[in-house]
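We call the chains A, B, C and D, going by the order they appear; numbering starts again at 1 in every chain.
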Amino acid sequence: MTLTLTELPADVQDEVAATRRIVADLHAELPRWQLVVWTAGNVSQRIRCADQIGEDLFVIKPSGVSYDDLGPNQMVVCTLDGAKIDDGTPERLQPSSDTAAHAYVYSHLDWVGGVVHTHSTYATAWAARGEEIPCVLTMMGDEFGGSIPVGPFALIGDDSIGRGIVETLENSRSRAVLMQNHGPFTIGRDGRDAVKAAVMCEEVARTVHIARQLGEPIPIAQELVDSLFDRYQNVYGQPKK
Amino acid sequence: MTLTLTELPADVQDEVAATRRIVADLHAELPRWQLVVWTAGNVSQRIRCADQIGEDLFVIKPSGVSYDDLGPNQMVVCTLDGAKIDDGTPERLQPSSDTAAHAYVYSHLDWVGGVVHTHSTYATAWAARGEEIPCVLTMMGDEFGGSIPVGPFALIGDDSIGRGIVETLENSRSRAVLMQNHGPFTIGRDGRDAVKAAVMCEEVARTVHIARQLGEPIPIAQELVDSLFDRYQNVYGQPKK
Amino acid sequence: MTLTLTELPADVQDEVAATRRIVADLHAELPRWQLVVWTAGNVSQRIRCADQIGEDLFVIKPSGVSYDDLGPNQMVVCTLDGAKIDDGTPERLQPSSDTAAHAYVYSHLDWVGGVVHTHSTYATAWAARGEEIPCVLTMMGDEFGGSIPVGPFALIGDDSIGRGIVETLENSRSRAVLMQNHGPFTIGRDGRDAVKAAVMCEEVARTVHIARQLGEPIPIAQELVDSLFDRYQNVYGQPKK
Amino acid sequence: MTLTLTELPADVQDEVAATRRIVADLHAELPRWQLVVWTAGNVSQRIRCADQIGEDLFVIKPSGVSYDDLGPNQMVVCTLDGAKIDDGTPERLQPSSDTAAHAYVYSHLDWVGGVVHTHSTYATAWAARGEEIPCVLTMMGDEFGGSIPVGPFALIGDDSIGRGIVETLENSRSRAVLMQNHGPFTIGRDGRDAVKAAVMCEEVARTVHIARQLGEPIPIAQELVDSLFDRYQNVYGQPKK
């Protein structure tokens, strides 16, 4: 049975509207930080409404639409099995072709509230070699708590991409995974956190690449990485409200 | 006999005016995606008016004019033998010095509705070595269905560039060709599709270059490439109207 | 005893307000010159008010706040032991997690009026290898008077980063130091001078990296470096008022 | 004897005013094409007024001033011996520290109407190795008619830089020279032509660098280079009026 947006409880409809604005705004961060070209890349964010309607939803970019044309109204609302719901708009857009992968992640990692996929250049270059990014920068220790791992080669069309992401990240502190020959997927507490992970993933992919072009970077001992990660997760930024 | 714009049927004149706007707007995409410097690079789009006036036309950038000064009125209308038509403007601009190559492509590949030429940096670097870009990224499989081939060295001035493009692309799924020591030409169903191919060509040229700087990328088996290409051409994006 | 902004002499309060504007404006230079991503990087500037209140102060960026949201009011005022003062704002932000390092530099190098920290890509790549940048460009002789040195690996949390910066720069003409596995810190007569050093540090890190990718740059003899440095420090720019 | 602007013939004063606007506008092209950071780089243009006042003049950037603050009024007017003239402005700015080099070029190459100096990254990287850029791109044949040569190491302060530029370019078709360990100087018929040469010099420096990172580019035979150069100089662009 297909859900219909206008038949959902009013507070869930409000949450959908708010999330559409957030996800539309977050898409503007991808070209801003040069993570995408043309229509590639997508951001989604979970709506935690299982208590109200029996299941969570998420909001994601439509497929093949230019970043210039992305506003809240273009964003597509889906259930966790990756089907878009009937949102009553006259021209209902198809969700991103990566929707099944996002849905799989939300279904299998309950703490995840945001997912991002890009083909950002340097991260994708590591993915093309199937090589993890070693932790040789303090900002990698801070942000990822170690190296950024590689996930398997997987074709689009079934749940293999989603499964590859989840199986790789379950065994890692990293919020980023490099899917082989494909590109990075990142996860976070919400969409913004996953976008931050995508930005930082590309930045460390680029910096470590450049470092290695002229020699071997100096490794950081694991206990120092642990110390950086622990401090950054608990002390950095403003107090959580 | 030279065609005169004001003597063409009204609907062809309307089509010319609309195409000039489209082609002017598409030129703004070239600096936006950092494919060109100064006045280099050009986009054209075919006008399918053979039924009305016995031959198709196409619209192309004028030669050596800054991207800041390109509006619909600066765009030049040409016949498929590469001659500009009398468009009645007081200061008639000369078409791009690459016009003969565009014209040759339209004359010999009937499905092509748009052509783009740039010297985008990474694609041109592969062209300088005369080396095709191997298909090691899923987005290459999606977009080009395999490697991006190299065309022959050819001097400007006769039809050798056009011939090199057509002969190379007739034997390839790719919509991009790297002309040796020169740079990429891309083709598409219309100007926008050819611009997309130019953007994606540079992006994969850059990503595969960077991947290869630190080792060998992992090849993608041909049947997987076929599967990616087939799916992308038929499923990605919004339903065609 | 915590200082309270509103109880300071009026001219010191004016100086604080002016410095907040300057430091907010200088933060805009970091993304402009592509030295930072997301919320990374920080600028501070000293307020020389020891004669009036018995100690100097400095103004620095708050921790983990987006560059889009940084105005004068967000800037945090600290004493030279790195503690923020009570500035009477309703939502008092925590200072940058690098505040202790800035404070240490101001305490130990009296001539320094500005400090900048970034993870700018090329400088950080040299830092990841623990390799100093050799002086092979006239603009390095001009600006840094020789090579840019590497400082020790140091964890955040005590004064080891500050100490590493000071001990390295005391023995160098350079206003930039590459902290191992971490990134550059730069110092200057004021915040603007330290930002200039950060911009030039990244530019020479990038240019020398690129030069070395295809061979060995030609060294510049020390007496020529001395001549460049002396001239640039004394002749370049407009006469000091 | 120092010239005074207000005592010059009215048409020369008009020419000075027009040239100041042109040179101010051309400076905006340097950051636009990412050829400069901070205050580095400068453009000048000759005023051909020898018939009226017995000597030519040229207009150049002031020393050490931010690109944000450069308007026509900030531009400095100099004689061909590199001395600024009394232009009656209350705060007369010192000309660029590279003024002597520009003056030397105008004095010794009468056809030159514009000079540009930058430290653009890739061109400067070739200069750091003292290596000329080989002609392996059709756009290099078009624009420079062959390789881009290297000039000697020269200290600022006397006429050695100017002499190095002139002696190198007198024996070359190229309008660009890479001064060893320093950076590119370019010349042209006017300021805009020299800016174009600076933009193209950096673009070919970058493209050939990238090509060579993964192998050897294919050389272009000298007679083909000659053919490209001849055609581009005589056919490209709009008819000269």
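Keep this in mind: contacts are C-beta pairs under 8 Å (C-beta built on N, C-alpha and C of every residue); 3 or more make two chains touch, one makes a residue touch a chain.
Just so it is clear, the structure is predicted and the values come from calculations on it, not from any experiment.
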Discussion item. From the centre of chain C, which other chain's Cα mean sits the farthest off?
Written reply: B
Worksheet, complete the sentence: Taking shared numbers over all numbers used, above half giving same and below half different, the chain C and chain D interface sides are different
Worksheet item: Upon optimal superposition of chain B on chain D over Cα atoms, what rotation angle is obtained, reported to the nearest 5 degrees?
Response: 90
Response to the item:
Cα centroid separation, chain A vs chain B, in Å, comes to 33
Worksheet item: Just curious, how far off is chain C from chain B if you go by their C-alpha centres, in Å?
Response: 47
Worksheet entry | For chain A, residues contacting two or more additional chains | 213
Worksheet item: Quick one: which chain pairs are touching?
Response: A-B, A-C, B-D, C-D
Response to the item:
Given the complex, residues on chain D that touch chain C span 37-40, 62-65, 93-94, 97, 119, 121-122, 124-126, 128-131, 153, 155-157, 180-183, 209, 212-213
Worksheet item: Inside the complex, what are the residues of chain A that reach chain C?
Response: 33, 136-139, 196, 199-200, 203, 206-208, 210-211, 213-218, 220, 224, 227-228, 231, 235-239
